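Each of the next two complexes has chain A plus one other chain: chain B in the first, chain C in the second.
Entry: the complex of A and B
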């Protein structure tokens, strides 16, 4: 059983943060909210999302599992105007999802969850550094690095107590440093890892600029990127595997 | 090759590359041969011919074929053939003769300007020349891909390595791998789609046979080493072995003789293999050196290999999250 009403904005934020990594996903319809976990086919980027029941106008579910085509669902959500509500009702017999936006009715064929790539195990990471910053500063860091390179190094300067971004291009280099004053919070620790900008740019697209973002970093370790949406009733954690540094 | 009829007997299923893990002991000649035939079919020979006329399509094939292993975290170990088994010499001789015929036909096709025939024949006339043998090994070394030199059949050696637990699969197009006792054989490692997995235990269980009986059935059908009994196909061979138990009883019941039966049997049951090999499964390719070797030393068109090298480079520098789970 699944019946829910949600605002178009909340649904779109949730879908966008998943669709940067995968085309299809499984959605767990838990009693207390939705849970989605997915990893891209190359096993480099992972997303773990939860959207609490409280983020919905109304929500009823009893632990079912459905498989969806994300671009289809995004298209449907795109039909809603700002502020409009979207209604869902799962037909267990036909395995179709009835979606209603005012007078518009859409019957969505679901995907067999077994045919979707297996959900990943979440890596156990003990990351020494934690950086809390605004979404717009993440965006600025990624945009700056993207001007010169395909890769971005994220690190924490243990002595200076600052968070920095390095990007080395063929001819030009970028260095961006955010001190404690620029950050919301910093727990310094040894951290320096190199990441693919292709992935980070996509993840960055899903991060609202006015939100608080927490980065967990280590030495040649994956980065964990955490942020909330829907007034904190939705939570996204990204994990991105590092690149091996040649020098 | 000799044993395509084994396809009807073998239990084979397609598996996604992403589900394959570990080490694949690849029958190197078989793999290279596949690549040579496909590369040559679709690529103009000017792209892989040096100024003095030496063709090194093998280098192109290796650079295009290896990324798939690297990207899927599967370690290839290339097992090269040693000297041919005595019995196989006839077969090699007849292949050589066949090649000569192809070469004459190719000459004619070239004179007539028949491009389709030229493409078809060029792919058949490829062979593993000393240059190919040598340059393949050198490129594999630069890319840190392990090489094992088999005393005789590469396929038998590869099967032996899987049986000893040093590799997880044999990689070969040849169905003979089953007869050499390869528990798991991957076919179509060269094509775009997913490979096929050939499962020995499931094959034996399916037909209720022992490996020795499967070998006997194959000998009746015909292998790379013997011609087989005329009129016996996979079905007849299986039911005859089930009924009579082994090769000799079947021959006796049918009033047939088979000249090398014992020796062919021994080749599969006790193939010439070695325990003397060693390899690392973490590969650290020197891509710059490999690129220089292929494009400068052997003058292969850089555009033809760039993508392959990039794919290998990307796969060794980008880690996967599974490393932390």
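Entry: the complex of A and C
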């Protein structure tokens, strides 16, 4: 059983943060909220999302599992105007999701969850450095790096107590440094890893500029990017594997 | 089987030039393929899907370059890949020239936190970015490549090109240099290691100790090298003999060569004569609804295929309707669709092709040009394969399949192509005249006793056209125009097939309107592989039908021949480069 009402903004935020990595996903309809985990086909980027029941206007579920085509669902959510509510009801018999936005009714055919790529196990990483900063600074870092390169190094300077971004292009380089004063919080530790901007740019798209973002970093280790949405009742964690640094 | 093993064997095969040795290598490869035999039997020919399957990867060169660039390391983009291609001339060599595996997967960090996987705490330079120096490359299997490419082919809709790049990147990222070479060639259908269909046929026979003949037959009816190889291994000759035609799985069409009435009568005593329709070849597969069908809609299962075994069912609703109306038993029929105007007179071939290519708004296209099917052969009727029956008997079967009632006159049967068997040249001339009168192309001459040989262009079917022959040539080059035509490609270089190679036979620049040039430029531009000044080299992809006055010997072109006064007649959208004419045919036409 699944019946829920949610604001268009909340739904869109949730869907957008998944669709940057995959086209289809499984949604766990738990009693206390939605859970989604997905990994891109190359097993490089992963997303782990939860949206608490409290983020909904109303929410009833008993632990089902559905598979959805994300772009289809995003299109439907896009039909709602700002502030409008979207109503969901799962028909267990037909395995279709009835979606209602005021007078608009949409019956969405679900995808067999078994046909969707297996959900990833979440690596347990012990990452020594933690950086808390504003979404807009993540955005600025990614944009700056993208001007010159297709890769970005993220690191923490243990001595200076600062977070830095390096991007080396064929001709031009970018270096951006945020000191403790620019950051919301910093736990310094040995951290320097290189990442593909192809992935980070996509993840960045889903990060609101006015939100607080937590980065966990290590030496040539994946980065963990955490942020909340829907007034903290939704949580997204991205994990991105590093590139091997040559020379 | 590890993909690395496959790549290693492919390299060995590529380096070998003796046919028998190549067969021996392919034989050994098939013998050690284990559970992956069907995949390996296709991959070694550069195929991902069975030949009968219309599924395509739909990966353009640029998608492949993007994926290679992404896997190749920092700040390599698709343009760099193209530059290397211009230098090295072949995508496999380009892919092999990069060191992949720089992007780690999350899997490398599973299970172990803290230090270990990535040299944490050490300097950043203790990694080797190439070859097998990291834990990403060296563990790809043939099956994983196959499964990923199958997923990739299924991607559709908005964003599907990005998804394809993602999937392909994921594969390249796990490739060693040699694996990358053959992966790139596989995805772009450019395997070119000297393994043709005959090689695999012989290798299957040798590997699993079965005679060639049943292998050949099974391949003809199934067009599935994977299935045939597996059956040969598991069930031997008796298994192969049980592989029959299947409704829904196309077979290659039997082809005709040019011929004359005199020769035909001399050869066969009697000739079977039928109209040659100015249409496009189709193969109709029909299975009537199960009488106990719960839907009760009484509609059968219908598939229509083009001569390239491409599914064109949706584009040709008239043929589906024809099947539902006229057929009541499982059949496979061979025929043509012709375009007709409001009076029922045939329209030129180009009009039919417009319908073939149509994917959207079929109903609208149908209003503009409607088509009707005409059938001349019957390959399967009600449970019996008829490939080995003589032509005249197959034609009798066709008549009884199509006739609404027993007493119906042949002339009145819908969609039935008449056949005259005669030894009288005058009667043949009369049939020819009638065909031309009715607006068709002329006549076909067939050996009345001949069996149906799928995919063969043999002597048993001959076409006699009233005017000079035309040639279907592969376009391998072009030149950018001048002045008003500067943005258009023109002066197209034409080539014919010679085994696996293409040899030039001339250039065609006349007979093309500006409007047509624009269309051709759009069609050909994506296939540009190199440019030098205004000259452009094209990958073989597009086939032109060209007319000419005569064929002369010439040192100018690599075929040793030149077409005199070549003129452009149209694009053969229904043919791929494999369907283009051969040097052999060129020589035959010249000798006529």
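Following the convention adopted for this analysis, the second predicted complex is superposed on the first by the 247 of 247 C-alpha atoms of A that agree within 3 Å, B and C clash if a C-alpha of one lies under 4 Å from a C-alpha of the other, contacts with A are read in each partner's own complex, and residues count from 1 in each chain.
Note that a residue touches a chain if its C-beta (ideal position, glycine included) is under 8 Å from a C-beta of that chain, and two chains touch if they have at least 3 such contacts.
Just so we're clear, the structure is a prediction, and the values are computed from it rather than from any experiment.
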Simultaneous placement of chain C and chain B on chain A, clash or fit: clash
Which of chain B and chain C A:179 touches, first, second, both or neither: neither
Which of chain B and chain C A:143 touches, first, second, both or neither: neither
Contacts of A:58 with chain B and chain C, given as first, second, both or neither: neither
Partner chain in contact with A:219 - chain B first, chain C second, else both or neither: second
Chain B or chain C, by number of chain A residues touched: C
Partner chain in contact with A:107 - chain B first, chain C second, else both or neither: neither
Which of chain B and chain C A:170 touches, first, second, both or neither: second
Touched partner set for A:209, first chain B, second chain C, both or neither: neither
Partner chain(s) touched by A:23 [first = chain B, second = chain C, both, neither]: second
Chain B collision site on chain C, chosen from 188-196, 260-268 or 296-304, when both complexes are overlaid on chain A: 188-196
Contact residues of chain A, present in both the chain B and the chain C interface: 39, 41-46, 120-121, 123-125, 196, 221-222, 239, 241-244, 246
Complex contact set, residues of chain A against chain B: 39, 41-46, 120-125, 196, 221-222, 239, 241-244, 246
Chain B residues touching chain A - in the complex, by the definition given at the top: 18, 71, 316-325
Residue ranges of chain C touching chain A (in the complex, touch as defined): 70, 73-75, 77, 101-111, 113-114, 117-122, 124-125, 127, 129, 134, 148, 151, 155, 157-159, 163, 166-167, 169-170, 173
Contact footprint of chain C on chain A as seen in their complex: 23, 39-46, 71, 120-121, 123-126, 149-151, 168-170, 190, 192, 194, 196, 198, 218-222, 239, 241-247
